[in-house]
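Heads up, the next two complexes both have chain A, just with different partners, chain B and then chain C.
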Partner chain A sequence: MPASLTFATAALIVLPLLAILILNIVNKQAGQKIALNVALVVTVIQMIAVLICGSLLVTGGKGSIDFSVFWDMNANLSASFFTVDFFSLVVLFSIGMVAFISAMVAKRGVNGKELNFTNLLMVILLGMNGIAMVGDFFSLYVFLEITGICSFVMIALYHSKEGLEGAFKYLLMSCVATAFLLISMAFLFMQVGSLRFTDLTIALSGWATGEGDLFVTIAFICFIAGIAIKTGLMPFHSWLPDAYQSAPAAVSVLLGGIVSKVCGVYIIIRVLSSFFENIPEVGIAVGLLAIISICFGAIAAAAQNDFKRILAYSSISQIGYIALGIAAGGPIGFIGAMLHFFNHATFKTTLFVDSAILEESVGSTDIEQMGGLEKQLPVANVTTILSLLSTSGIPPLAGFWSKALIIIAVWQAGFHFTAFLAILASVFTLVYFLRLQRKVFFGPAEEHLAEVKESRGTLAFSAIALSVVTIGVGVLFPLILRFLQAQGLL
Partner chain B sequence: MNIFGLLLLILLALMLCFAVAAVLMRNLVKAALCLAGSSACLAVILCFLVAPWAAIFELSVCSGLITVVTISAISLTTPYSKDEENELIKKRRARYVALPFILLIVGVVAGYALLNGQTGLMPTMSNASTFASFKEVLWQLRQVDILGQIIMLLAGVFAVVVLFKERDEA
Partner chain C sequence: MMPIFTAILIAALLVIITGFFCLTQTRNLLRVIIGVEVAMKGVTLLLAFAGYINGNYDLVQAFIITMIVMEVVVAVVAAGIAVRVYEKNDSLDIRKLTKLQG
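Let's look at the complex of A and B:
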């Protein structure tokens, strides 16, 4: 393994651990002062490490790299190790990007809790990196739990009644999901004798051709139920809006931007593409959940009056699109889902940053109390417009391309009515986001908001940087498409 | 009965003691730790019974993950007042008064069965190979999980710091 690759892969696991060590060795005051800067450095290095891994994958002509961090990999093929491929690199980059933005938002919003926030951020980073890189079902579960625990502690960071309630709901739902996942794993292990994705793929290929087994069916149903709860797909979504609304701004950015996707829809993609791929019933079940989530999320978002709750329901809808891409199958569906994963992480994080700007400037996220903030909050105004247009799939922004690929894949799979529903829901997305934009930024200015001023600090920088990514990915998409074709991914 | 049989009996007794303590303990955090102790004993028993995979998963899930989740969940709750706590202890004692006796009977019966040559249930494998197998599973086959457990412990520590210590300081 080249030295640069060793550095890059080790950085994804060792660096956050090192950061935790440094922050907790120095005295508490110093730790508080440097904590968020350390978090920023770690997340930037993670993004660089991912780019190094990506370039080495391209130049090496490899599909994936297996590696171990602390001791040598032995010859035993059933051992659990880390694996990175193009898809996990996209996820790892998204994790680094959203964690970076979360640390930037935290600079304005976690007064006095910088050290605790950063400690939890580093642990959740490790948890999500682990999820993105493991090639074994049980290890995946371990890292999933790490991410879950950090999430609910972060939601309850300020010990507010709402925060504790949101965290408790999240914890309860998470425990139910965990039970489903453990049952799923137990049955798979009982039948196959291993939980490595590669072993499961080989063992379940026979099942796909009709040698059915009751335990594998139960394992599959429990897996889908567990992951649907974790990702907040309809009808398992009840915890999600409460958790997002009650969490501090920096935590909402993290949860809405990446955690719910990595803990849910990414695992669906990884597992389905690994070992439930050839089973048509799986695609139909996921597709059904996806289209229900798309429609329900869009309708429910239109009925909300809180900025963060609108974003939460919108997330349910957009995660549905990612799941729909996976359900459609084929390279177009897979690439569409992968791109929408990244795009959603970008524009939803932008919108959560905008909600943080509003929270800081106005002191509330209730859109009924706002109006005419267009001139007072110019950065939030413009970045919200760009993000909502991208979410609704308006060309040439990034969201248009990923949604187009997903809908093409669904159409090609023969589900024309589903494709039509997906387009309709996208139009509805534009409707509820325009309502949000009109209520918050347009129209006559509210008198009690006359003194509102936009801060020009890290929040504005984060929103602008993410909007540049949204525009950049959209405009440069033909080049990305060409690159994917050259790599044989499309 | 060989030395492993005796060891197994001791572990079984220890596991039961931890389990009873988990039910009767007045402090929820201590109860959760007792539950973890009980799971750890079960993991060692499974290891002796040549089921290293089951032992590793028991250790990971029940002693590690579940304990962290339980303690974190407890930290989100408000503790009982002294009076409420005393009332609860009285009720609990009344409810579980028969538990130690039932466990004693079960223990005596199980011990009798083991001491009277029902050693078909006992491990007969080479002890060295058992430990090698357990070692292989733990350190080589599940090495990513060990890293996961270390991170999980960190998550648990930070959860306690954020949710317990800060509340106490406030």
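Let's look at the complex of A and C:
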């Protein structure tokens, strides 16, 4: 393994740990001052490391790299190790990007809690990087819990009534979800004797021939129940809007932008594409939950009056699209899901940054109290329009392409009515976002908001940078498709 | 006479169901946490049973010890949140957690 690759892969795990060590070794005042800058540096290095890994994967012509950090992966057959492939690189890049933006937002948002926030941010970064790279089911559970625990604490960072309530609801649902996942693991372990993804793939590949085994069936059911709670798919979504709405601005950027996606839909994609692939029932179950979430999320979002709550229901709907893409199967569905994952991380983070701008300048996120902020908040106005157009799939923005790929995959799989519903819900996305835009930015100016001014700083910079990514990915999309074709992924 | 492993399996599932039933019945934050913990104990038993069936004792030992550690951390965070909720609301009743709705 070349030295640069060792550096790049180890950076993803060791660097957050090192940052925590540095921040807590120096005295508290100094730590408080440098904390967020350290977080910015770590996240930038993560993005660079991902790019290095990606270029080495391309030049090496390999599909994936296996590596371990603290021990020799060849020493023991059952030793667990990390695996990096193209999809996990996309996820790792999104994690770095959203964590960077979250630290930028925190520069304005977390007064007096910089050190606490950064420590938690580093641990959550470690947890998410772990989820993106693990090679076995049990390590997945460990990293899932690390990420989960950090998000509970972060939601309740200020001990506000709302924060505590949102955190407790999330914690409870998450505990139930992990219990289901562990039951699923126990039954799989009973049957297969190992929890490594590669072993499970081999053991379950012969299963599809129709021999129904009770234990494996129970494992599937429990897995889908657990992961649907973690993802926030429709009948299990109750914690998600509460958690997003009650979290402080910087935390809701992180949660809404990446955490719930990595903890939920990424695991669905990873597991479905590796070892439940041969079992069509699992795909149908996930697809059904996905299309229900798409429609329900879009309809429920239109009835909300809180900016962050609208974004939360919109997240439920968009996560449904990612799950639908992977349930449809085939390379087009997989690529569509992967790109929608990245695009969703971009535009949803932009929208949460805009909600942070509103929270800072207006003091609330209740859209009923706003109106005519178009002139006073130009950056928030333009970036919100751009990302809502991207969310509802208007060409040439990034969201259009990934949604189009997903719907093509669903159509090719033969589910024409589902594809039709997905397109219809996409139009409905435009409805609830136009309502949001009209209430907040357009229309006559409200008297009590005459003094509102936009701050030129990290918030505006974050929103603009993310919008540039959205436009850039959209305009350059044919190039990305050709690159993926050259890599043999499409 | 029931084989021993069927009995363990049924016992583990019963413990899990007891924990979830506790979740549905109680209105007290601390009892909710206890319910979750009971369910997790059942899951631990199930995992130990899985190792017993296929003879992978060493691997399953590592799993269970890790799981206990994670569980304790979750319980501590949950109890911390419950304490803060009690300070804010002067009550542990989950029906009073109604700030977020819609």
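Note that in this section the second predicted complex is superposed on the first by the 486 of 490 C-alpha atoms of A that agree within 3 Å, B and C clash if a C-alpha of one lies under 4 Å from a C-alpha of the other, contacts with A are read in each partner's own complex, and residues count from 1 in each chain.
Following the convention adopted for this analysis, contacts are C-beta pairs under 8 Å (C-beta built on N, C-alpha and C of every residue); 3 or more make two chains touch, one makes a residue touch a chain.
All values reported here derive from a predicted model rather than from experimental measurement.
If you put the two complexes together on chain A, you find that chain B and chain C bump into each other. Of the two partner chains, chain B is the only one touched by A:F81; chain C is not. In the superposed model, A:A179 makes contact with chain C only, not with chain B.
Of the two partner chains, chain C is the only one touched by A:D242; chain B is not.
When both complexes are overlaid on chain A, the residue A:G166 reaches chain C alone and has no touch with chain B.
In the superposed pair of complexes, A:L157 makes contact with chain B only, with no contact to chain C. Of the two partner chains, chain C is the only one touched by A:M190; chain B is not.
Contacts of A:A323 after superposition on the shared chain: neither chain B nor chain C is touched. In the superposition on chain A, no contact is made by A:A35 with either chain B or chain C.
In the superposition on chain A, A:A290 makes contact with neither chain B nor chain C.
With the shared chain A as the reference for superposition, chain B clashes with chain C in the stretch 74-82, and the other listed options (2-10, 20-28, 74-82 or 92-100) are free of clashes. When both complexes are aligned on chain A by C-alpha atoms, chain A residues 78, 138, 142, 145, 148-149, 152-153, 156, 159, 164, 167-168, 171, 175, 182, 189 touch chain B in the first and chain C in the second. Residues of chain A touching chain C in their complex: 78, 138, 141-142, 145, 148-149, 152-153, 156, 159, 161-162, 164-169, 171-172, 175-176, 179, 182-183, 185-187, 189-190, 193-194, 241-242, 245-246, 303-306, 309. Across the complex, chain B is touched by residues 13, 17, 20, 68-71, 74, 76, 78-82, 116, 119-120, 123, 126-127, 130, 134, 136, 138-139, 142-143, 145-146, 148-150, 152-153, 156-157, 159, 164, 167-168, 171, 175, 178, 182, 189 of chain A.
Residues of chain B that touch chain A in their complex: 53, 57, 60-61, 65, 68-69, 72-73, 76, 136, 139-145, 147-149, 151-152, 154-156, 158-159, 161-163, 166-167, 170. Residue ranges on chain C touching chain A, taken from their complex, read 16, 19-20, 23, 29, 32, 36, 39-40, 43, 46-47, 49-51, 53-56, 59-60, 63, 66-67, 70, 73-74, 77-78, 81-82, 84-85, 88-89, 97, 99-100, 102.
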